[in-house]
Amino acid sequence: MPRILTTKRGNWTPVLLLMPAIVTMLFVVALPLIFSLYTSLTAYRLVRPETLWDFVWFRNYTRLFTDWDFWVAFGRTILFLTIALNLEFILGLGIALLIARITWGQRTLRTIMMFPMMFSPILVGFMFKFIFNDNIGILNNALQSLGLTDRAIPWLVDAKLAMFSIIFAEVWMSTSVFAILLLAGLFAMPRDPLEAAKVDGCNSWQVFRHITLPFIMPFAFIAMTIRSLDVARAYDIVHVMTGGGPAGRTELLWTMIARTGYSDARMGQANAMAYVSTILSILFTWYFYNKLMAARRYMGGVQ
Amino acid sequence: MTVAMSRPMTAPTRPLKKRAQSAALWFTTFLLMVIMCVPGLWVVLSAFRPNREILAKPPIWVPTEITLGNFAKIFGFGAEQVGIPVTSYFMNSMVIALTSTVIALIIGMAGGYAFARYRFRFKGGIFLGLMLFRAVPGIALSLPVFMMWSRLGLIDTQMGLIIVYVSLNVPFTIWLIDGFFRQIPMSLSEAAQVDGCTRWQAFWKIEFPLARSGIAAAGVFAFLTSWNEYALASQVTRSTDSKTLPVGLMDFTAQFTIDWAGMCAMAVIIIVPALIMTFLVQKHLIAGLTFGGVKG
Amino acid sequence: MTLKTAKKLSLGVAVAALCAGSAVAQDFGSFPGYTLRVKLIGGAQYEPLYATIAEWEAATGATVEILSRKNHFELDREIKQDIAAGTLDWCVGSNHTSFAPQYGNIYTDLNALIPADVLAGFTPLMLEHSTVDGRLVQLPRHSDVSNMFYQKSLFEDEANRTAFEAEYGYPLAPPETWEQVSDMAMFFANPPDFYGFQYVGKDEAVNGRFYELLVANGGAMFDEDWNPTFNSAAGVEALSFFVDLYEAGAVPAGVPNYLWDDTGLGFASGTVAMDLDWGGWSAFFNDPANSQVAGNVGVIRAPMGSAGIRTGWSGSHSFSITEGCDNMEAAASLITFLTDPDRQIIEARMGILPTRDAVWDTALAEFEASGNTFMTEVFSTFRTSMAEDAFTVPLIPEWIEVSNVMWPEIQAAIVGDKTAQEALDDAAEAAAEIMSDAGYN
């Protein structure tokens, strides 16, 4: 059991070390957060600043609870997140394992693997918007040229296909994140247990399942947590590709919030929505945090 | 050891099986790489083709015309338009991304070390709290940040955007570096201290090199996040004093004409430096394999 | 426009500008040492005008500081943020007739600032569109309206003519009514390779298209008491146009997700027979480097709806001056300069429609003289439309919000989730709520 330092009374080292982080977050995030909370209790409209003082208590929130469209979007966002994160994890793990086994040209391969991360989310949105365009997009063109279909498949219109398209775009953009993290974790893994296992006659699958996987799970959970917080970047993709449509079929929380807040200029209502969706983020984070702690306990590490 | 006895030697089939496995491995990797790269490569290729060809139907798979005209337009050599101040945007992006990455890494290392090595009150709470701050959707933040920044005179300054990006990256860097520090046994640092190093020296000599892969990974992510970020940048920047490449890219797309080829050219300008930067950092992503011997 | 022609034109402009230097100094006042802060709309087609700002600076001694140069939606967001944060410390901003009503009173009434003889040079209808609540809040820089572009070869083809007449009972010619458009679209369509028509399918875009067809069919958005009336028979007829074409596969299946770039690029790719689109696209459609249909594009005035009215949804890009501006004369001088005949002709040459009658005349004369039959045809068609058919959306602050509840319903009808009547009724209900919340009734 690795020993760790306990703080004696008056040992301020860890606090000092953490100060910069805490200060930064408080300054940049906490203050705006409080402001947002305040505006969610008002009927604040962007273009009429005097409405900032128009206190309506919880009216924005009660309106939300009876707003069916909001809850559908909420559910759809959960679905989107769940599918995307799981796919990114599995694919990322697969890629990381494969690349870890190859020795020749590693550096180039790793750079290629990170290629999608070089793309700004809005660029990814535009790129897939054109690729999935039913009339002049290269995907349909390719399918037709290869004779696989004679229809123009409406990737961005049909309910299921549109969800598929935005999930595909999001997974394409972010799988590399998982892959590189898991790869770094694989490389940081001590070799001894692996060799010992092989020597004892375990096959590859057993080695993977019982040694490799538990070791890299903490990294996976870190990645998942950050990705689930960060997946609001998917807003750019969805906004450009479908705008939440058609007919609200791909409406996620963020497109709804942005439209309400900026296009309709109903900032107070938008912030109320944002707070409700923050609960969603917190739930995901909480879930993965607990998984992370459990994984660490399993590995017998520091807590 | 029972190794030699327990494994039957089947010399003739083994090399073949191994080669087949290796081939399958290469093939699968290749396929995945292709899927990852094709959309991106299409963008890069489109940058060198005229609009007419890119969107042709039936599609023109083999380019008949390769042109640098799209790039010329951006830099202002086309007859009709003024160019985009790409060099300014590039410098801004570079300065802002690098600075915010370095600062985020420093804060991240300090914080990660604190979490990995110490036990203190509210530790779990602070840990979770840092992450939960990140849970706030950007939409809820963007207007208040704008208001605060404009009162502080940070709008349209590089520093203003750097501060925002640091806060964006800090939770992730802390978590990641913390994870890597935990894998390094305390005994190594203690051994060094027994030999006469201070904690500080031990950190730089022992723990820092061993966690290199984690720090490098965190650095790469922070850099790419800052390099590619759009939403907050468009809030906080206004002119060539601080505008970054992604914002410049969006400005390039007017309401009516999406000059797809021109946009691809701009995209190439954004991608290439990121690619070069990543390639250079690659070698630090492999952890020192030597430390694996001590489990502690 | 080829590189060579454009180069010649720029050279010509530069020379003309030099010659006109002294004349410029005379007209635009003198503001030495003053810095004028502006926020402008950015984008490739708008840049050439901004190159002339240097002349104004030279003539007046002032400096122009361009604080922002963004695309339209981003600029709108930025201005709203400025209103919210109280950071309206700039003088001149790019504006648009569809967006102007939202901004309240931050912009000053130009009737009081700009002399009547200057205003007289603008097409009266354009000034009317730029007036909100009786205040002239913006000076129109260029306007746009949509007319029908089509592939000439399709209509001239003998086989097509015979087949069409046999099937529909009247001769094939560029369409005069929207019903004819529907017939011809279905005739030409051959999915997935070719389509008869296309339209934008989301955001304010589809709402605008629905609105103009509603008006062309004799309907109206609101009645005098601001109750929504777009779910009338005329409205259902208008929406059914979109729905029927979608069901028949005469338009690409992706139209519910199309915006202006998709339709523009779609027509340029040669896969669509007819396209109702903005005048600003005409140069693009006829440019061989960008368009597969260059040299084969015809344009005809927008078709009529069932009430004999032509569709004519129009908007103008413009300049506005903030109430808080510290030097109104300088600001007025700049926007007068940017919209005066010598500047508008620069943009007109690129196919951007002017807002001054005199400039229309000059541009048309130039196109005719240089033998550019396509642009001559485009300009004369669009000139007539601008003068006679053009109308704006209801100039009320709630337009965008109402639009945002309408277009998802329109989409629902198009893709078949609801009937046209159901969709419009639901939209009317939501719109009525918005209007009553805002205090209209």
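Here the chain labels run A, B and C in written order, and each chain numbers its own residues starting at 1.
The working rule: a contact is a pair of C-beta atoms (placed from the backbone, for glycine too) under 8 Å apart; a residue touches a chain by one contact, two chains touch by 3 or more.
Predicted, not measured: the structure shown is a model, and the values here were computed from it.
Interchain contacts join each chain to each other chain, per the touch definition above. Contact count check for B-C and A-B (C-beta pairs in contact): higher for A-B. One simple way to say how far apart two chains are is to compare their mean CA positions; for chain B and chain C this gives 40 Å. Chain A and chain B have CA centres that are 15 Å apart.
Counting partners per residue, chain A has 46, 135-136, 267 as the residues that reach two or more other chains. Those residues of chain B in touch with two or more other chains are numbered 55-57, 143, 147, 250, 253, 258, 260. Of all residues in chain C, those that touch two or more other chains are 81, 84, 265, 269, 271.
Every residue of chain B that touches chain A in the complex is listed here, in rising order: 1, 3, 6-7, 25-26, 28-29, 32-33, 36-37, 39-40, 42-43, 55-59, 61, 106-108, 110-111, 113-121, 123, 126, 128, 130-141, 143-145, 147-148, 163-164, 166-167, 170-172, 174-176, 179-180, 182-183, 185-187, 213-214, 216-217, 220-221, 224, 228-231, 246, 249-250, 253, 258, 260, 263, 267, 270-271, 274-275, 278-279, 282-283, 285-287, 289, 291-293, 295-296.
Put simply, chain B touches chain C in their complex at residues 50-52, 55-57, 73, 78-82, 143, 146-147, 150, 156, 234-235, 238-239, 250-260, 262.
Listing the residues of chain A that touch chain B in their complex gives 2-7, 13-15, 17-18, 20-22, 24-25, 27-33, 35-36, 46, 91, 94-95, 98-99, 101-102, 106-107, 109-123, 126-128, 130-131, 135-136, 138, 141-142, 145, 172, 175-177, 180-181, 183-185, 187-192, 199, 201, 218-219, 222, 225-226, 229-230, 232, 235-236, 253-254, 257-258, 261, 267, 270-271, 274-275, 277-278, 281-282, 285-286, 289, 296, 301-302. Chain contact summary for the complex, chain C toward chain B: residues 1, 3, 6-7, 10, 42-48, 50-51, 66-74, 81, 84-85, 87, 193, 260-261, 264-265, 268-271, 278, 280-281, 284, 288-292, 350.
Of all the residues in chain C, the ones that touch chain A in their complex are 77, 80-81, 83-84, 86, 102-104, 191-192, 195, 201-203, 252-257, 262, 265-266, 269, 271-272, 397, 400-401, 404, 407-409, 411-412, 414-415, 417.
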